[in-house]
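In the two complexes that follow, chain A is the common piece, with chain B as its partner first and chain C second.
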Partner chain A sequence: MTTLTAPPRTAPPPPGRPRVSAGFSKWRRRVPLLPALIFTIVVTQLPFVATLVISTFQWNILKPGDRHFTGLSNFKFVFTDDRLRTAVLNTIVLTASVVIISVLLGLGLALLLDRRFLGRGLARTLLIAPFLVMPVAAALLWKHAIYNPDYGLLNGTLNAVYRLFGADNGPTVDWVSTFPMPAVVISLVWQWTPFMMLILLAGLQAQPGDVLEAARVDGASALQTFRYITLPHLRQYIELGVLLGTIYVVQTFDSVYTITQGGPGSETTNLPYEIYLTMFRKYEYGEAAAAGVVVVLGAIVIATFALRTIASLFREEASR
Partner chain B sequence: MTGLNKLFRNKDDHGASPKLSPLWTFVVWLATLAFFAPVAWMVLTSFHQEADAATNPPTPFAPLTWHQYSLLFSRDITPFLFNSAMASVFSTLLVLALAVPAAYALSIKPVEKWTDVMFFFLSTKFLPAIAALLPVYLIVKDAGMLDNVWTLVVLYTAMNLPIAVWMMRSFLAEVPKEILEAAEVDGAGLLTVLWRVVAPVAMPGLAATSLICFIFSWNEFMFAVNLTATQASTAPVFLVGFITNEGLFLARLCAAATLVSLPVLIAGFAAQDKLVRGLSLGAVK
Partner chain C sequence: MRARRVTHALITAAAAGSLLVACAGAGGSSSSGGGKSINVLMVGNPQMEDIAKLTKSTFTKDTGIKVNFTVLPENELRDKVTQDIATKAGQYDVATIGAYEVPIWYKNGWLHELGSYADKDASFDKADLLKPMVQSLSGSDGKLYALPFYGESSMLMYNKDVMTAKGITVPEHPTWQQVADIAAKADGAEPGMKGICLRGLPGWGELGAPLTTVVNTFGGTWFTKDWKAQVNSAAFKKATNFYVNLVKQHGEAGASQSGFTECLNALSQKKVAMWYDATSAAGSLEDPASSKIAGHVGYAYAPTVETKSSGWLWSWAWAMPKTTKNADAASKFMLWASSKKYEKLVGEKLGWARVPAGKRASTYTIPEYQKAAASFGDITLKSIEGADPTNPGVQPRPTVGVQFVAISEFQDLGTKVTQEISAAIAGKTSVDKALDDGQKLAEDVAKNYQ
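And now, the complex of A and B:
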């Protein structure tokens, strides 16, 4: 609200209290906000400015004394390098499959958990456990306790089943090196499905009961009710889940670092891991910074959609 | 949107929601157990001897023992847990100290353009942390603050502050305006209003916000692994390091994974209803 359009003060200040000027009270309102605002600007925006500056330098710490300004050549490298292009593709494949699969599974589970059944509370509690396990612990668990070819749970169970049917031994599949990308995707889907389920369940529970009742009275089938009432209502929750999931999964570092180390070759190297390698293995600071800038630009595109979705939820809340 | 409150307060929904058929009940329980199986396997294996843990086919009924846990503590997991606790607790306190006044300025007596400020906070959450790693690493190195818990405290504070501001604002927005005005008309001072009117309504929200901040700090890996070495390493760094240094001890790995996940599992189970609101940045209520 600018001072030009400010409504005239209607009530005079209560008697016996000191009169404070409008400017002073405006500032007094801002004071509690400032520490958080300044802290955030210093710790999050300044590093990005530094990244921008570094991205225009040729800077490899293995070659000291050879640090110089190179303009946009790092960006040219970023857009033409094969490894980075692979990393971009891997990031898209990884993020899209994790988000799509976990939203679909989460939707299915949310629809089921929305109904009454024996032990619903316990089922919900058990279902959110994967999301609460420390991500690094979860990645190690999948890599060693489940995917391991010799004594992992997956091959162990296959073996037990084969023996049950009289065969001598089950197959020995090295899951991580045979199916590297699915191995990472499955472990992440396992972690993110509970998150999607929680958000969608909240959406389902917010459905106005009278509308559903009316649909039932009018003789709509369960499928029709879902298609024409529940799904449109859930849309904003699905959007929110997809966007938040995308923001978090695009940044996946723990699982790639732990399960595959980006391998075999660079089959599972995503952008965050590739940037990490450029920084701490190749020591090419300029290139790493340029790749970082490109990632931020990509994130801004996704974030624009995310902010719009959240803003619509926000307006709805404010208008209540 | 009060769906969540409805969901978690009325456990039986007053019989409003339809019952699931036996077939689908079976399906949902099957899915639940499939999702829970890796967690159950992790906990079970952590109570086995190494010889029983690494068998093919698996032997779930092997004798149980605390052995792996006692080994972990005798092999010094303690400093790592201590570092994790330090970084998580102090960053959570710092986040609250910064976020609560900010949320107050954004909800109870909103500053002009308060929605813009809210979206600025949120937008910082969308910047991938990896893009900040290099400059942060260089700055921290120049300042001689590598391998220092307080560096992690500052970074985790920045990481969680936007979420905390959003969450706290949504909780403070629930303080009834009429009561605030009535208290002011009655001549109550700012402190009285905060203590008597705002605090009782905002307390559960404060607890939820702390929980979310604690979980994210406790689980953080990328900054921890790249900015610490020997002194300030946290629990996730311990987990990864202990695999590469000692070869593979499956049962002990499971014990360590269980141990480091335990605080978050307990907190998360205890406050399931608060999780959604925090994770969806307070947007879904």
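And now, the complex of A and C:
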């Protein structure tokens, strides 16, 4: 190991105004922004504080006159309730599978779209389309046009194939009831793959051409170029996609509500849907608020860890 | 550093989300004063769309009272009206609610008494209202707290052509065993046709409604009179097993996702041979524009086992929150909307099959209506009259209601238990397991009343 002692880089202090004046000018610049800052704090943090307060109350709006402080009993309920535990697990499974699959698919599509070919613009537009469909509309489309056992596309195709081979009718598969979680995941992957593809495509197109050319000249194979140059370059873009995707997919409500109603049983009940049920079927505001608080804390913890893991993973990759 | 920034972003996003939740409860501003304009919130059923169309040219013209309608689907309506009334936001002068809400909301002191308004109006003829309707819309003090707009019970509907082709006679008063046998025979009568459609979609008002009528007639109940939970009792289990097995063996494709709408489609598009559901479905089944079997539908009473009748009882009814500042104008509107005069107006302007029926005895004596509803009118009326909301099963009940328990916890309890039963229909769990879990939930609820 050689130690290189870099020459000390002590740049001379910038000439000009004395310090007091620097602080003053800093504040002079900040003061006009203060109202915006205060406004932001009021509209974002106060409701959260309100939620915290509500979460300590026994409050069912169908029972007027019975609202009282119960301490942490709502939180006790949240942590001991079987349904909520299932909902946490389902949320994790749903989010992780949707994000991972759509990043992988998105990466594949982005790599394909990164090449020049006839009709690339058209292909790109068509591929983006699913992301532009409203979530409820997309969920309805999947539920009725594709999964429906009577007139859905999947069973229709199955029947057609069976008929090709001489059978009367194919099997009637009840897709949503038989494969509830995959049914929701697939519809969400369909929606989120274009988003990942867009972000990764932007990353690919921002790749400096000279580096790629240099790699080619040095005799790197396509796979090597991808592994050692493109992938590290895409790191930030993948991180961004995973992060944004996770934040949004964790909140998935429309697909669960529309396609499976959280069922069969509670196999696809995720946290947003469970909280919705607590709020609008049970009308237990305290419990719903407590569950909401736990979700926020959980999301922060998980996101922090996930980000650190991803970041360090790629840092190792890049330093090789 | 980036992680921290992300954390901040997450907190901000979450807090913004909770802001939306917080706002949802706050409601809007109160209605305009003066008594010449009222706000009406109602469920988006065809009968309500008709009244929204007819009000301006008749009611407003006669009385000068302007009516602002807000129309929402059933679930959203419940969310909105419950929050509006519970938080005393006072945005609406009139709201449509059902037989489930009236006893609960009356107890909470949220509703205006309406019987006295009806008594003062001689042309309204309160005595003409069907007795089960009045019972289910009254508080425990015997006073009327909502005026029925239309009412329904449940019955068995079937494809007459299929039955004829198969040589099956459907009895007018079938038992559930007979229905199961017919379903087995009719299964596969045409390529891809199933024997029967029964709701399997979770929800206290979806799967919960027909299932509870089956439980009632098998001798089961959700709770005994002194609030002992009975969800995993022998009778409840027997009924649920019967229902689930019937759907699994001879029921519609995708049963665990089928509610009222899906079954309506299934019967009218010849995907099933029979359907047990609301009497109000008949109007749609007889509409040639949407139904392939219009004019070929047979009707029978709700199947029974141990009870004499087994039809449910439901009504969409007009109620007036106590927060209203326009009680006079609102009562005028409600009395008009539930009157004989209004039924006649609909019959003449839009067609007699569209009359909001099922609430008045006199409707069934109108010759034009008799003609339009020849095949199902009689059964509808007798099913409603036969339903006893105070005593729908074989044992005394703690609350009024046929296909629900009139306590605020039932929306949640019914939804969760039917979720599990729906899973049993999908083959993901067993009926016994579903009901044992349901029993625990029901016991928790019962504790509040013992």
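Keep this in mind: the second predicted complex is superposed on the first by the 258 of 320 C-alpha atoms of A that agree within 3 Å, B and C clash if a C-alpha of one lies under 4 Å from a C-alpha of the other, contacts with A are read in each partner's own complex, and residues count from 1 in each chain.
The rule we apply is simple: a contact is a pair of C-beta atoms (placed from the backbone, for glycine too) under 8 Å apart; a residue touches a chain by one contact, two chains touch by 3 or more.
Everything numeric in this text was worked out from a predicted model, so none of it was measured.
Novice: A:308 in the overlay: touching chain B, chain C, both, or neither? Say first, second, both or neither.
Specialist: A:308: touches chain C, not chain B.
Novice: Applying the document's definition of touch, where does A:146 land relative to chain B and chain C: first, second, both, or neither?
Specialist: In the superposition, A:146 contacts chain B only.
Novice: With the two complexes superposed on chain A, say which partner A:190 touches: chain B (first), chain C (second), both, or neither.
Specialist: Touch partner of A:190: chain B, not chain C.
Novice: Between chain B (first) and chain C (second), which, if any, makes contact with A:201: first, second, both or neither?
Specialist: The first partner, chain B, only.
Novice: Per the contact definition in the header, classify A:176: touching chain B only (first), chain C only (second), both, or neither.
Specialist: After superposing on A, A:176 lies in contact with chain C but is clear of chain B.
Novice: Going by the touch definition up top, name the partner, chain B or chain C, that contacts more of chain A.
Specialist: More residues of chain A are touched by B.
Novice: Tell me the contact category for A:261 with respect to chain B and chain C: first, second, both or neither.
Specialist: Touch partner of A:261: chain C, not chain B.
Novice: In the overlaid three-chain picture, which partner chain does A:72 touch, first (chain B) or second (chain C), both, or neither?
Specialist: Neither partner.
Novice: So, A:126: does it touch chain B (first), chain C (second), both, or neither?
Specialist: After superposing on A, A:126 lies in contact with chain B but is clear of chain C.
Novice: Please indicate which partner A:43 is in contact with in the superposed arrangement: first for chain B, second for chain C, both, or neither.
Specialist: A:43 contacts both chain B and chain C.
Novice: Can you pull the chain A residues that chain B and chain C both touch?
Specialist: 40, 43-45, 47-48, 50-51, 148, 150, 247, 251, 279-280, 285, 288-289, 292, 295-296, 299-300, 303, 307, 311
Novice: Taking the touch rule as given, give the residues of chain A at its contact with chain C in the complex, in rising order.
Specialist: Answer in residue numbers: 40, 43-45, 47-48, 50-51, 60-64, 83, 143, 148-150, 168-169, 172, 174, 176-178, 180, 243, 247, 251, 260-267, 269, 277, 279-283, 285, 288-289, 292, 295-296, 299-300, 303-304, 307-308, 311.
Novice: Write out the stretch or stretches of chain C touching chain A in their complex.
Specialist: Checking each residue of chain C against chain A gives 2-3, 6-7, 10-19, 21-22, 25, 78-79, 82-83, 86-87, 104, 108-109, 191-192, 201-203, 253-257, 266, 271, 408-409, 411-412, 415-416, 419-420, 422-423, 425-429, 434.
Novice: Over in the complex, which chain A residues touch chain B? Could you list them?
Specialist: 1, 26, 29-33, 35-37, 39-40, 43-48, 50-51, 54, 108-109, 112-119, 121, 123-138, 140-142, 144-146, 148, 150-151, 153, 155-157, 159-160, 163, 190, 193-195, 198-199, 201-207, 209, 237, 240, 244, 247, 250-251, 253-254, 257-258, 271-272, 275-276, 279-280, 285, 288-289, 292-293, 295-296, 299-300, 302-303, 306-307, 310-311, 313-314, 316-317
Novice: What does chain B use to touch chain A in their complex?
Specialist: Contacts found on chain B: 1-4, 6-7, 11-13, 15-20, 24-25, 27-29, 31-33, 35-36, 38-39, 41-42, 45, 53-58, 98-99, 101-102, 104-106, 109-112, 115, 117-139, 154-155, 157-158, 161-162, 165, 170, 215, 218-219, 221-222, 225-226, 235-236, 239-240, 243, 248, 250, 253-254, 256-258, 260-261, 264-265, 268-269, 272, 275-276, 279-281, 283-285.
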